[in-house]
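Can you keep this structure in mind? I'll have questions shortly.
For clarity, chains are labelled A, B, C, D, E, F, G, H, I and J in written order, and residue numbers in each chain start from 1.
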């Protein structure tokens, strides 16, 4: 299947740009393919952001994420790429994505990315 | 249906204005209409504030919120507007509204607004 | 995508056919497509059975269920069809499938099928 | 507002009429009006049934239930009426509705109705 | 304080007497006085019944139960007495009361009474 | 320490002997000594019974159970003995004790005894 | 009923005044009367403090709080007044009260007060 | 590693053989090896039984189960074999083992065996 | 019974003194006697510390805490004394004890002590 | 059994080294042997890190941790050693391991280590 494209993401003008506020979006139905095993992965994406001039439209977010259904991507890649796409399209004041994947081999993994980068060290 | 009006909100004098204290009000029965699909939305509003000279009266808050029952409003709009209305009427020292909406299309959304604005970046 | 086939299901001889015992298998990562909207559905399948001469092999069950990933099927159809397939291949003494699907439009659905049929009336 | 009508309910032919199976539908976003106080009531409807020749279509069920949004009805009335409507339209082999309403005056109420009537005494 | 009286309980005609159905009422704010220590007791009453010709009205139930607020009564007495009062006033086809009291001295107690009596032995 | 004695148990006349009803008493603060290791054991006793002519008084039950604090007894012994003592003193129509002990060596144990004996086979 | 008095509160000398430490007291059985409706209110008080020279005695705290049982007081009043009383009697280094009240009209309220005042803005 | 042997299981005389009573033993730290993949499996065993003349001793049960730590065995085999061993050694009036294994490949499995066999069909 | 002594506490050399790290120890089976009522108290102790040169040995900690089983001590005393004993014996870089006691008279209490003292005001 | 070796750990190049991000890995199936009693220990390891040039590969992490299955190690040792091994192999910007062990003798222990060392005092 072709590479997921950020072109599916639609935006609308932030109705209250005069103040910082947070929008949290929880997507418990994310699924992609493991490029190594060819097996499906499942996870919950939590996207938090402070919109600046543009908010993403929820139905387009759903369609954007569904592109990963048959796309192979490692945990770290898919989470960082989705952040890059959402940042490119909405240019938010702040954004953070937490991706919780279901267990594989008795181990479960969460990837947390943030924009602009907050030094964790 | 007509636009919800802040005129329904009633207040009483803060009985302890000499100290900062927090009042949390949780309203799990909030419902409005989606202006795009015409379908009802449901959510839980949590309002936290530090009253200054005026506290809002709870029954009037309930009636104010019921105005949204047949009113069309997007998530971001309705949350910011309720904050503006409550701030205008009570002039609090601080106020924060967290609006948790139920899932639509497998995605659920929370909007968090605060007064005075706290820079999140 | 082609129709899911029961040919992927593999079995092994029941190691303790001398007694009735129950095997419960919970598959929280089931996903299929809604034939009406073209949108993905998600659910948890719980399969309980009393094996007779044959038990299904778990990895082949996983591969069998993954066939539904890009297959369109209504809730009632998919649950009954999986029961028919598993019964045909393992010829169990008893089997029951409970399929819990995630909410759509604020409504969530569970389908429960059993073999041999137990009259519920 | 006019009386809710069962005419909104649509059906489709039961795809597996040869066996008894259960469909559970949980609707946590039910709301109606209290005819006495004029205040909104909120509840969760759980509908379980064994279809015979006809299954109800989920989107039409949602639209049917939304008719109660501005309709005044007591707990016992609304639950029994919905049962009567669903039975009339789908003629199921068995149906049960559990309606859990949110607290009023520190008291919460559940109404449970079943068809055909099972003597509880 | 005077003895609680069942005269506060009001009823309305059962709107669906043609079928047996269950009404559950949960009252988590019940409080009475311990006649031995003079200390308040707290509990949750769950009343389930199948109405015959009469249903109790919820606001009158609340006022009836509030009579126990400053009334001394042991756990077993108060639960059996409330059953007797509700049965006398509504003449139900079946009724059951479960009273869960909060811990005293590290021990918590529940009393369960039923009408008509079901032999538990 | 001396053997616990049932003499500490006090009773009062059943105020509603005309009907079978259940009293559940949950005692999460039970502790005794392991006769083998000399180490303390901890558990939760749940006592359910249908009183006949006599109910046990709760404070005396607490004092009775505290006798086990420094008394050595195996799980099966202590649970059966408490049943025997409570049955001897109150002569109930029915009684059941469930004793949940906390984990030892990664294993936790529950003992369930009933009077009159119900054949479990 | 007469006004609750702080005279019921008893203290004992802090046994470890040489260090700051926290005592949390949770009182889930608080009840008072609504002065507007005459109906009882219910809530859970959580009192946290760092004692200085005096600690409050728990049984006297219980008796002090029971004075509100038949006393009319609004949420904000009762919480601030209890803080004032406890501060006056124990002169703590720090104290905070969180009062969670049960839902009324579908809305539940929490009041949080602190001494010495911490500016929340 | 050698085959686990039931010789490690020790018993003691049932102290109350005059009545049927249940002992539940929960072992959340069971682990064995998958004979196919060579990977460790993990699970929780719940053993319930009605002792006749003999009860198993808990420490010997722990040592018996630890034999499976480096022993290869399929789910169905290990559960049925443990039942056979415990039945052979204690000759109980009734016994049931529920073995809940942790997820593998997104699927989790439970095996339930009972003695004497209860027909489930 | 004699006063609990810290002499029972044994230590071993910190195997990684080159870095600060935290050890949390949760003891849900703590019990002591109330010196006022003579009744047993129950609680959960959570001990967190950063070892310096010495770690406490867990079995000796268990034996040390069991000394309180028949020892009378108020909540604030027992918690502060245990901190003093553990600090004296292990000389940690940091230590904190949280003691959650079960409800008495409808009120439950937690005491939190820390070394070296952190000013909470 | 021989000493666990970090040689089993495999890495891959961090696909997004340009930003700090967190990877959390939860391993609920960790088991080792107590060197004192020879009994198995069980725990959940949570590893959080900010990768620099290298990420660890999950399957190799699983195989690395399985080396402890028959290896004797105390709680503090095993947790610090695993941190040292993972730091040596991946050279992360930051790493933290939380190891929650199951109860032994009624006490459960958690060890928390961090790199680079954060002074907790």
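Criterion: a residue touches a chain if its C-beta (ideal position, glycine included) is under 8 Å from a C-beta of that chain, and two chains touch if they have at least 3 such contacts.
Because the structure is predicted, anything quoted here is derived from the model rather than measured.
> Among the listed pairs D-G, E-G or F-H, choose the one whose interface is a repeat of I-J, with over half of the contact pairs the same by residue number.
Most of the I-J contacts reappear at F-H.
> Counting C-beta pairs in contact, which chain pair has more, A-C or F-H?
More contacting C-beta pairs are found at F-H.
> So how far apart, in whole Å, are subunit A and subunit J when each is placed at the average of its C-alpha atoms?
28
> Averaging only over C-alpha atoms, locate the centres of subunit B and subunit E and give their separation in whole Å.
So the centroids are 38 Å from each other.
> Based only on mean CA positions, could you tell me how far subunit F sits from subunit I in angstrom?
Subunit F and subunit I have C-alpha centres separated by 31 Å.
> When the centre of a chain is set as the mean of its C-alpha atoms, what distance in Å lies between subunit E and subunit H?
45
> Listing for subunit F: what residues touch at least two other chains?
Residue numbers touching two or more other chains: 28-29, 39, 42, 102, 104-106.
> Please output the residues of subunit F touching subunit J within their complex, sorted ascending.
39, 42, 102-106
> Using the touch rule from the top, collect the residues of subunit H that touch subunit F in their complex.
14-16, 19-29, 50-51, 55, 58-59, 61-62, 93-94, 116
> Which residues of subunit A touch subunit J once you look at their complex with the stated criterion?
Those residues of subunit A that touch subunit J are 74-77, 79-80, 104-115, 117-121.
> Quick one: in the complex, what on subunit H touches subunit J?
Checking each residue of subunit H against subunit J gives 28-29, 31, 39-40, 42, 66, 69-70, 102.
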